[in-house]
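Below are two complexes that have chain A in common, paired first with chain B and then with chain C.
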Partner chain A sequence: MDALLIVFASGLISLFAAFAKKPWLVVSSAMAGLLAAIIVILNQLQTGKAFFDFLKYEGLLFDDLALVYSLAICVLALLIVGLGYERFKENPVHTGEYIGLLIFSTVGAMIMTAYTDMFMFFLGLEILSIPIYVMAGSNKTDIRSSEASLKYFLTGSFASGIFLFGLAWVYGATGTFRLWEIQAKIMEMESLSPILMIGVLLIMASFIFKIGAAPFHFWSPDVYDGAPHAVTGFMASVVKISAFYAFLKMFIVCFGFGELLGFWQNALVIMIIITMFVGNLSALRQVKFKRLLAYSSITHVGYTLLVFVSNSMGSVMELWFYMFAYGFSIVGVIGVGLAVNDQEDRIEAWRGLGKRNPFLAIVGIVSLLSLAGIPPTAGFFAKYIVFSSAWANASWLVIIALINSAISIYYYLKVIATIISPVESGQEKIKLSPLTIGVLTLALIGMLGFSVIVSWL
Partner chain B sequence: MELLLFILPVFFALSVLLVPKQGVRAYGIIGSLVVLGVVIACMMQYNNNGTMYLFMQKPWFYGITLSFGYDGISLLMLLLTAVLVPLILVANFRNELAENRLFTSMVFFMQLGLIGVFVSMDGLWFYIFWEITLIPIFLISWWFGAPERKAALMKFFIYTFVGSLAMLAALIGIKVNSPTFYIEDLRTVVFTGKTACWLALGFFLAFAIKIPVFPFHTWQPDTYTKSPMAGTMLLSGIMLKMALYGMIRWMLPLFPEAIPCLQYPIIILATVGVVYAAIIAIRQKDMKRVFAFASMSHVGLIAAAIMTCNFDALSGSMVQILNHGLVAVGLFLAVEIIERRAGTRNLDELGGFAKQAPKFAFWFAALAFASVSVPLTSGFIGEFLMLKGLVGFDMVVGIIAGTTLILGAVYTFRAYQLSMYGPVTRDHFADLHWSELLVLALIVIAVVIFGVYPAAITDFVNPSIKVVLETLSTPSGL
Partner chain C sequence: MLLATLFESGVKIEHYMVLATALFIIGVFGVLYRKNAIILLMCIELMLNAVNLLLVAFSTYLGQADGQLFVFFIMVVAAAEATVGLSILVLLFRNTRSVDIRLFNKLKN
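This part shows the complex of A and B:
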């Protein structure tokens, strides 16, 4: 609860700080708030005490898992705010809005990790989504950005509608909105009611939409492509983490047992397979960086969905590892994309990065290796953790996922090859601001030292 | 002290980036000699009874342990790595490449990966280091290779990565039944024959691609010819030995249940590869391709011999692993010497160098003899023991594999004759530089010493091979 309040307050402060028209003031208040939230969460994880414990509200419960996920969300939001600053400050009048909206969206993400009530979840979802609808269109001079915003808004609100519709069916079957009460009610049922099953399917569809898995993935390439880099990074890391955890939590707690489990798992398995192949095969021929990222993220969603098959409370941590590692890799590539700053966002523009800025090239290569899952980067360990937990239940699915990893190496390798190719004429060196270097160094440490960090936990 | 095996390569790989350009050559060579010193110190203190000496064993996370150690087999591979890296750096002495910091740095990273592969006694660490070796070799070849290298290298990377993923799948498959990835824990897992076969096939795919065993060899000739000399040497000298080592250390002991069903197919594939590659080598015009296929032919024989699970064959294969590592480096150096001076590797356009460069002719001939396993060279001991094992396993297979001796002589001496004898084709052909002479002489001397006194190798590895074979005959878990 403390962290949530701190982040919310820092969002307000950075919004008001914008009156001073000093971008550095906005960004430092936002980053200070996120840092304070991280410290508070770490403290609460260790001591188990929170200052605002007396503010008991039943809709939100910050247990250890919610705290750990909030930690990941805050860390990644911090990195992305740091990365995006360079671009946001170009327009000092709007810096405050951009950063403020990102922070509010982070608040929504944190609510989505801690909800115990369907309504609270829905509130979190909307608090998370609405700022991003706006943010996706923040590049006002670019028509693709407006397209992304509108597309995301229309499809996103449609998905929210589907969620509410599904929720209505579940309410009809169980008569409550509380997660644990729904669980108890379903356990009492002698046979599954069709009303409930329809509700579960509809809710699942809305989640599949939010995390961008096939067959509800069509919005994601356009939106990723059109949105500004930092927003794309935010969608691929923070939004994914919170949506995934909310998904897993709801489905393990409410629907994760008995006949119902088999019912939605079967549907999900088919979607996992489609998701992995659709993402991979579409990514093979992409020439634009953010489109490639969108398709590769669809594939990663496919890998991550394997935690739903491994079917145990333990898989919550596996999901955390995967999303955290993935978030770091995203921060790395987005940082490179921001620094290269090509109008058309072509991958070709990355050519000769090794000469133009060696540090950037190292970050880019390590993040791509991490996305491809090559040791010793974070992506490999995360993949190993998720795959090995799913093996016992669905070894054949893991083998399909490994085949997909083999396909994906092609397009990652192509980008790496572009980075290490010689420079062409007319390309200058790239200069980085200290803040960007700091953020990218953190991402690099996260990717290379992930295994060491995990072994401490 | 054993931790220096990891620390030193990383240290040299990073510190070489700060060394001024003139000093890079010397720095690299000195660094690799220091690593060699550490390996020799490890060998000295190892009491040679075939047991595994673990210098580190700690649990880590998710069933991964930090288990690192070595026995006789690992030490021999470590020695090969530590000897070949300085040899390769000296062989490169006259290239502009040698004063490139990135190149030297990548060689050290490569060495780190190789050392890691040979000392990891934890399945996942083995996999991690196995993959790590791929990145520096890819970068070396990508940055410094022949002009039209890119497609070949992409193929190489993807090919080997696919194999590695199969191994990862197999590793995850065993781990499900075992508490940790520590090799002894993995060994105690008992499978039914069928599961064991599938899992062993996962390992085999990774190894077969790297060795390469027919029909997984299609990446190899292109990659060898398009890589710079140092890359080719690293690939054929040490990197494919990783796969042979992996067969002895991981595939056989982990899945003794799979041996009955996999033994014949693998031996037959490998034997087909031996003959197939040798015949192709005879018809090649490009000298580097000749030796690329020769390498495939020789290594196929080693793979077949390992699969017999016969004591003599295994001990012969260890001798041959060492021998082939040395000889391959020497032969590729000879090709490089010719290419650098004559400007081409095409056998049709070469000839007559023996008159102009007698020293080179002598040492190249000595290497050629070592390569075709003439008695008094270590190749003879190795191939003899391996063929003995193969004949004992199956007469027909042994005889077919034995043709490698004849075919090997044909392609090696054809390449030698066409390049060194015949009418003089170049006005000028400089004789050996001291660095080249040093490398060739060291290799030939080592090969002859081991040929006369093979016990130096066999006494060292035999106890460990015995231990490995015992684990095969006692079904795991009993």
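This part shows the complex of A and C:
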């Protein structure tokens, strides 16, 4: 609760700081708030005590799991706010609104990790989504940005409509909105009612929409492509973490036992296979950076969904490790994309990065290796953990996932080859601001030393 | 009182379920097939209102207030969503002078 209040307050402060017309003031208040939230969360994890304990509400329970997920969300949001600052030095008109919306969206993400009833989940989902609809369209004069915003808005609100319809059926079958009471009611049932099955399927479809897995993935390439770089990074990291954890929590707690478990897992297995192949095979022929990122993120959603079929106790922490490591890699590549700053957003514009700015080239190569899952990086350990725990329950699915990882190495290596190829004439060196260098260094530490840091905690 | 007499006169929970499902499906097909962005917004509202109807019916049927409480949350959030959606449409209208979604195809590869 403390961290939630701090982040919310820093969002308000950065909105009001916009009146001073100084972008650095807005960005630094937002970053200070997120940093304070990280420290508070770490403190609460160590001592187990919260300052605002008297503000308890049963719908919102910050247990250890919710805290570690909030920690990941705050760290990634901090890095993305730092990256976004570059843009505002040139065009400082809407800094306050942009940063404020980003912070409020982070608040929604934290609510989605801590919910224990459907009221809070629904509010968290909408607090997360509505600011992003606006942020995706924040390049007001660029028609592609507005188009991305409309597409995200339509698919997002369509998905929330489907979620609510499914929730209404579950409510009809169980008569409650609280997660643990739903679990108790379903356990009491002798046979599954069709009303409940419809509800579970619809809720699952809406989550599949939100995390962008096939067959409901078609919006994500367009939206990732049209949105500004930092917003794309936010959607690929923070939104995915919170949506995945909310998905896992709801389906383990409410529907994760007995006949019902097999019912939705069978549907999910088919979706996992389609997701991995669709993402990979479409990524092979992309020439634009953000589209490639979108398809690669669809593939990663496919790998991540393996934690849902592994049926192991540790799946929540495996998901955390995977998504956190993935978030660092996303911050790395998005940082490189922002610094290259090509109007057309072609991968070709990364040519000769090794000469133009060696630091950027290293960050880019390490994050691409981490996305591909090559050993010394965090992405490898994340994939290893997820695949090995899914092996016991669904080994043939893991084999399909391994084949897909092998395919994906091709398009990541193609980008790496572009980075280390020689400079063409007419390409200038790239200068980075100290803030960007700091953020990218943190991402680099995260990608290379993540497993060490986690084991040390 | 009115609802109670309706229940006695033979309107059962099944009728509400069928009606809400029909409204929801009309909304879904509207979102999938209409070309005018404002009508798309109205279809999404229709979907949410179908949900509201279903929740209220279940809430009355089960004899508890949770469902009706949820309806208020949905209405508030739907209003917020409609606000954002309409402002996105204004933004697009400034750029293209139209609200036909077939024109919004700049993001194809």
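One rule holds in what follows: the second predicted complex is superposed on the first by the 453 of 457 C-alpha atoms of A that agree within 3 Å, B and C clash if a C-alpha of one lies under 4 Å from a C-alpha of the other, contacts with A are read in each partner's own complex, and residues count from 1 in each chain.
Basically, a contact is a pair of C-beta atoms (placed from the backbone, for glycine too) under 8 Å apart; a residue touches a chain by one contact, two chains touch by 3 or more.
Computed from a prediction, not measured in an experiment: that's the story for all the values here.
Asker: Quick check on the superposed pair: does A:172 touch chain B, chain C, both, or neither? Answer first, second, both or neither.
Answerer: In the superposed model, A:172 contacts chain C only, not chain B.
Asker: Of the two partner chains, chain B (first) and chain C (second), which one does A:47 touch, if any: first, second, both, or neither?
Answerer: neither
Asker: In the superposed arrangement, does A:343 touch chain B (first), chain C (second), both or neither?
Answerer: A:343 contacts neither chain B nor chain C.
Asker: Figure out whether A:133 sits in contact with chain B (first) or chain C (second), or with both, or with neither.
Answerer: In the superposition, A:133 touches chain C alone.
Asker: Among the partners chain B and chain C, which is in contact with a greater number of residues of chain A?
Answerer: C
Asker: Could you say whether A:226 touches chain B, chain C, both of them, or neither, answering first, second, both or neither?
Answerer: Second partner only.
Asker: Taking the superposition on A as described, I'd like to know which of chain B and chain C A:154 touches: first, second, both or neither.
Answerer: second
Asker: Is A:191 contacted by the first partner chain B, the second partner chain C, both or neither?
Answerer: Touch partners of A:191: none, neither chain B nor chain C.
Asker: Going by the contact rule at the top, pick out the chain A residues touching chain B in the complex.
Answerer: Residues in contact with chain B: 369, 374-376, 380, 384-385, 387-388, 391-392, 395, 398-399, 402-403, 405-406, 409-410, 413-414, 417, 420, 451, 454-455, 457.
Asker: Help me check something: in the complex, which residues belonging to chain A touch chain C?
Answerer: Against chain C, chain A makes touches at 118-119, 122-123, 126, 130, 133-134, 137, 140-141, 143-144, 146-151, 153-154, 157-158, 160-162, 164-165, 167-169, 171-172, 175-177, 221-222, 225-226, 286-288, 291.
Asker: Considering only the defined contacts, which chain C positions touch chain A in the complex?
Answerer: Listed in rising order, the residues of chain C that touch chain A are 17, 20, 24, 27-28, 31, 37, 40, 44, 47-48, 50-51, 54-55, 58, 61-62, 64, 66-67, 69-70, 73-74, 77, 80-81, 84-85, 87-89, 91-92, 95-96, 101, 104, 106-109.
Asker: Hey, which residues of chain B end up touching chain A in the complex?
Answerer: The contact residues of chain B facing chain A are 60-63, 124, 127-128, 131-132, 134-135, 139, 142-143, 150, 154, 157-158, 161-162, 165-166, 168-169, 172-173, 175-176.
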